[in-house]
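Shared between the two complexes below is chain A, which has chain B as its partner in the first and chain C in the second.
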Partner chain A sequence: MAESYTLRLRRYDPESGEPAYWSEYEVEQDPERSVLQGILDARDQEDGSIAIRCSCRAAICGSCGVRINGTSALACNTQLGDAQAKAGVGKPIVVEPMGNMPVLKDLIVDMDAVHWKKIQRVVPWLLPEGDPPEREYIVPAEAMIDVTQSMACIQCGACVSACLALEVDPEFVGPAALAKAYRFVGDPRDGQHEERLRDLAEDPHGIYDCTHCFACIEVCPKDVAPMDQIMRLRRRATADYDIKDKNNGYGHEHAFVNIIERYGTLHEAQLLPRSFGDGSLIRGQTEPAAVKQLVESLPTAARGLASGKVSLRKALLHPKLPDQKSVRKIFKEIESKDERLEINMYIIGENADDEEGAMAEGSQES
Partner chain B sequence: MPQHDVLVIGAGLAGQRAALSAAEGGASVGIISKVHPVRSHSNAAAGGINAALNPEDSWESHAYDTVKGSDYLGDQDAIEIMCREAPDEVLHLEHLGVTFHRDEEGKLGTRAFGGASAARTYYVADITGQALLHVLYEQLMKLDAVDRYEEWFTTALVTNDSGRIAGAVTRNVRDGSFELFKAKAVILATGGNGQIFNPTTNALVCTGDGIAMAYHAGAPLMDMEMVQYHPTTLAGIGLLITEGARGEGAHLYNAEGERFMEKYAPNKMELASRDVVSRAEQTEINEGRGFPDGTVALDITVVGAKRIHESLREIVNVGRDFAGTDITREPIHIKPGNHYVMGGIKTDINGQTGVPGLYAAGECACVSVHGGNRLGANSLLDTLIFGRRSGAHAAEQARGAGMPTPAGSELERERSLIAEITSRDRTGRRISEINREMGTVMDADVSVFREESRLRNALEVVKRLQEEAKTVSVDDKGSIFNQDVLSALELRFMLDNAECIVMGALERKESRGAQYRTDYPERDDDEWLKHINLTADGEDVPAVSYSEVTMTQWEPEERKY
Partner chain C sequence: MKLAYWPGCVSRGFTPELHGSMKLVAPKLDLELVELDRANCCGAGVIAEHNQELVDTLNARTFALAQGVEGAAGMMNICSTCQGAQSECQQRLDADGEYRREVNSHLGDEGLAYEKSAEWWNKNFLWLLVEEIGLAKLAEKVVRPLEGLRVAPFYGCYIVRPTERLGFKDHPNRDKYLDILIEILGAQPVDYAGSHKCCGFPLITMNRTTSLRQAGRHLADAIDAGADCLVTPCPLCHLNLDMQQPEAQKFVERDLNVPVLHLPQLVGLALGLEPKELGMDKHVVKTGDVQRKVRELAAA
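Let's look at the complex of A and B:
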């Protein structure tokens, strides 16, 4: 049954010389219909000058990325009822252009200047080794299903809009482009896996620039889970090719894992020193970069001591967990496997029954 | 003034494939699209692409299925070419990087599809069109040889003194500036016209621009009455539930719980041709065995949750987001809905239209490989095969040819048309009102079942709307992203398409493929085994003429599934 909604749209007319402003529109629609439909109703009935890119209405063309009540989303697959619930009773549904990209008019942003430039950055085409076979490439079925998750990206820009790392480092290659990169790194037909990974690991704005905030996973309308793809790129870079990066993410990861294996919880005073020299406390100390970072972090440590967050005793003598043996057992169990197991939520679905979940765990990378 | 040997208009699969093959042929190429290429409606082709690639399968079998599916209106020379070239095209795309589904041995795997005598549909989950489109765009990003004009709206084609194509007039959507693009050859790949129906599975961009522009440039249109209603679309909004669902084993039930396809197609059941399944559903609904919302039920749960998530992922989302239905656990309500136009700009097997130098490929074209009814998973194939052939042929023709000189002053004319529209007083009807009236009458009177009086009514409405469209007013007077004024142009394109569809449907006094006339319920091969051509040189309505259907090895038979 139709209900009344107030849409509060961020408007901007670049030809007027005026700054951006807000306009409100009342529309009557079923709560199941989309925010896009509401905007189109406003445009059809009231003001034909409202500008928004849109085409398929079914979340497959990726045109209508916007921010609804502050969250990046496709307008076509956000229901009016849900958007209203999020806005709160009696409040308007607020629709703004996407973030991290310049606004051209109303809800339209310049994706070329940001999104597509970054896509181009990751060499977004297959680079097979040698001539193609006479028939198809023979590759594992699981590998094709696995990269289909990143293939499902519709380049809508919602993740780019939501990315917190991009907000502080506009040079960050970003979630969409890195997911695109995984589409090739995870594709057994591509012959440049190592080169691609090295390139993206050594770029200070590459895979180690991601801050692990999950924002891209939350907003992605296609379950591409860009951050997961970035983490897979990191795992492959370190585990398969021993690639060390400028940000020292490789050493940091090793130190983290080694400390947990030894103590069960994080020994913060050792994390930084061990992050150099592949996680070895002894080897790392002579590296100039290590000394520099240690010196730089002294004020932080001092503040921690002053505020009582850490005591000298706790910092230096970090206790092991009482059942540290069980932690060790987990490590042993994982290390005894030859293959890297990855649960692909894309294939099994989030609500799949346990039985099916167990089946789908077989989807693995080797 | 930009100029290219080959100018491609439209950047979906047919357009991108044409641009790539023209570039391979050594031509300088420009590709224009009113939206960014990856926003094109080829994205929506979910289920897959047909090719007789298995050693047990044969192109003849694929061709025969296609001929039969077309209700013998397809041109058999063109169908033979398409089916013969299909395997190499699929392999080519696989080599470019399309992540086609693999079987247990790591080879390309197939799924079953409607109207086919073998499982020969290759696929990427249910995002096949999207996967193909994005991989072709990867190639465009890789190639410097193709100039891309993204978000440029083409308003008219331009010819020289002798009626040869000379280019096109295009408006840059981002700043409102106009350009006359000169070209030795122009390839239209502008897609279908589903937006003239409401509801439709088609995207908002599918407004038949290229079909209308070619028609006004003098190219004949063919078999425009052949409009496909897809058997499984959501009521109200018209979104598509892929045929892949039935390919994977889903069943259709009426409200009485009967698996009704037993009555209509006892052998192929749910996998009969689309026209057959749509008529069956509509009959059930019309005779009172549908649900109160005018639908029947599609039960996908029989496919199994894991397989659904693996290969029908997209419609899990569509069901959840747009129908509130978890298709892994319950049936979803569907009905026949506007989906595809088999008719279009008449071309030969190389994409050449009736205007020298003008080509057409993909849904806007009518080669004709689909005849009266297109088989599922043959449209992606059509776009790629005839996109490639058009691009190659156009590049070949352009080699050594001079750049034609545009005869008229189309650039000025189009520029003033826009100025005139934006300066109109707000007295005319709103674009959206006319749009809705057109969509409603087309869906009511020109859909699964048709008859003379209702078609006459539709024609009358369309003629009136054509007049009203000349005085619509727009709210946006600006230059930058003025989508308002562009929709006024799209409205006129759509009404020209609508008129031709109704004319064709009135003209063809028989039932064949998607055209079912309740007043002429039989197929009439003696009188109507022929194409209907429409040209713009008629008075008031399109002029009608006929052309032969090309037969090679398949004589018309009774069509049973």
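Let's look at the complex of A and C:
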């Protein structure tokens, strides 16, 4: 049954010389119809100048990315009824252009200036080594399952719009492009895995500039989980290629893991010095490059001590768990395996539970 | 209510006032906390980045220890990051029986095993307050309504995203609980841009600029929206927002100086506990103005 919705659209016309403004439109639609349909109704019936990009209207082409009530989404993939519920009773459904990209007009952003530039940054094509085979490349099925998730990306830019690291660092390579990078790092036909990983590990705006906020995972209409792909890139870079980057990514990971293996709980005072020594406490304090960063952190440490948050005793001594031997044994058992055991929820789904072989599909060579 | 209690690492490390205040608030809410003192770190996203089976096993161990606490209604944590990191592991463990058996095989020597159960839960104090204790019961216990105190909520990423993993299907308002609680405690929630954004903590050792720009920006937004203080259920957010605040100032080029309270501290104030016993003197950003407001309430 048709209901009445108020759409509050963010409008902007660069040719007018005027700043952006809000316009409200009343539309009658079924709650199951999309926000995109509502906007198109407003355009057809009330104001032909409303600008929005769209094509397939079925969450396939990825053209109609916007922010609805502050959340990045495809307008065609969001029902009016749900959007109204999120906005609250009696409140308008607020539609704005995507974030982190310049606005061209109304709800249309400049994807070329940000999204596509970043996609190009990661060399989004196969770089095979050696001569091409006489016929097609033969790829084991498991290897392609591993990259299926990143291949599901429709380039809508919702993750780029929502990214909280990009918000403060526009140079961050970003979630969509890094997910795309994993698509090739995980592809056995590609011959440049290490080079790709080294490049993205050493770039100060690469894989170690992701702030781990889950915003991209939350908004992706195709469940690509870009942040998970970034974590897989990090895992490959450190565990498979031992890439000791200058951004401290390798060091931070190893410092953390080593501390938990040693103590069972986090000894915060050791985290920073150990991360500068690729996990080692002694090396961390003698590395010349570490000195500058350690000095930078001194005022914070001093304030911690002054406030009474941190005592000198706590900074120097950290108790091991009573059963730390058992915890250590877990580390030993798992880290000595030839293959890392990983399951991917995207592939196995929520209810795989006791199905045979679900686990094996997600496992990956190390 | 008896609970298996996982305080996490940071609440016993660099934010001792969190663990301390929780211990004082618990009896006021009729909570009996059985501390999991043998349990290990949740991995905070970093061990997950390193090795999935390892982090899932470490958290399965914690869950198994919690499940072994006789008479406990469930497990409670006081850290958004623990909540998110542990929920992620639990989701994988619950999804695949074969995987769960493999993970449990590493715990056999200790006689431990994580058992999948629809009844067993692990909830942050924030969720527990609303869902298990209940707002009506909490409201009854408020003896010092924090009237006039303007509090900006700061949730922490791990407790609000991804919603699908974090039980929002059954509890759709979990991203509004802090706002709701602030009101129940008599204070005024402050609406500002940063409430559900990232504090920047995960990047502090890898990209200090991105990290502290985030912290600085959200603090500035809260100040501009009129906040007297922030409140957070995450000690890692607290570290970047409070301990690093004097540094964050430099990255947004303005003075900040806004106190950041832990959730049990704010609850404790409303339940009649004194700022000093709640460890409010152990903050880097001085909480004097908040304390003064609370004293004025007591006098009125």
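One rule holds for everything that comes next: the second predicted complex is superposed on the first by the 347 of 366 C-alpha atoms of A that agree within 3 Å, B and C clash if a C-alpha of one lies under 4 Å from a C-alpha of the other, contacts with A are read in each partner's own complex, and residues count from 1 in each chain.
In this text, a residue touches a chain if its C-beta (ideal position, glycine included) is under 8 Å from a C-beta of that chain, and two chains touch if they have at least 3 such contacts.
None of the values given here were measured: they were computed from a predicted structure.
J.: Just checking: does A:Ala2 make contact with chain B only, chain C only, both, or neither of them? Give me first, second, both or neither.
T.: The answer is neither, since A:Ala2 touches no partner chain.
J.: Which partner does A:Leu305 reach: the first (chain B), the second (chain C), both, or neither?
T.: neither
J.: On the A-aligned overlay, A:Ile60 touches which partner chain: chain B = first, chain C = second, or both, or neither?
T.: The answer is first: A:Ile60 touches chain B but not chain C.
J.: Could you tell me if A:Asp323 is touching chain B, chain C, both of them or neither one (first, second, both, neither)?
T.: The second partner, chain C, only.
J.: Taking the superposition as given, does A:Leu271 touch the first partner, chain B, the second, chain C, both, or neither?
T.: In the superposed model, A:Leu271 contacts chain C only, not chain B.
J.: Examine A:Glu296 and indicate which partner it touches, taking first as chain B and second as chain C; both and neither are also allowed.
T.: second
J.: A:Asn247 contacts which: chain B (first), chain C (second), both, neither?
T.: In the superposed model, A:Asn247 contacts chain C only, not chain B.
J.: Show me the chain A residues, by the header's touch rule, that chain B contacts in one structure and chain C contacts in the other.
T.: 348-349, 352-353, 356, 359
J.: Show which residues of chain C lie in contact with chain A when the two form their complex.
T.: Touch list, chain C to chain A: 9-10, 12-17, 37-41, 43-54, 57-58, 61, 84, 91-92, 94-99, 102, 106-107, 109-110, 157-158, 161-163, 197-198, 200, 202-203, 205-211, 213-214, 217, 243-244, 246-247, 281-284.
J.: Which stretch or stretches of chain A touch chain C in the complex?
T.: For chain A paired with chain C, touching residues are 164-165, 167-169, 172, 204, 208-215, 217-218, 231, 234-235, 238-239, 247-249, 251-253, 256-257, 260, 264-268, 271-272, 275, 296, 299-300, 303-304, 307-310, 314, 321-323, 326-327, 329-331, 333-335, 337, 340-343, 345, 348-359.
J.: Enumerate the contact residues on chain A facing chain B in the complex.
T.: On the chain A side, the touching residues are 13-15, 32-33, 43-45, 47-49, 51, 53-63, 77, 79, 104-106, 108, 111-112, 119-120, 124-126, 128, 132, 135-141, 143-145, 147-148, 151-152, 154-155, 183-184, 187, 189, 222, 346-349, 352-353, 356, 359-360.
J.: Quick check on the complex: what are the chain B residues that touch chain A?
T.: Those in contact with chain A are residues 35-36, 38-41, 43-44, 91, 94-97, 99-109, 124-125, 127, 130-131, 134-135, 138-139, 141-142, 150, 174, 203-205, 237, 239-240, 305-306, 309-310, 313-314, 316-318, 321-322, 324, 328, 430-432, 474-484, 487.
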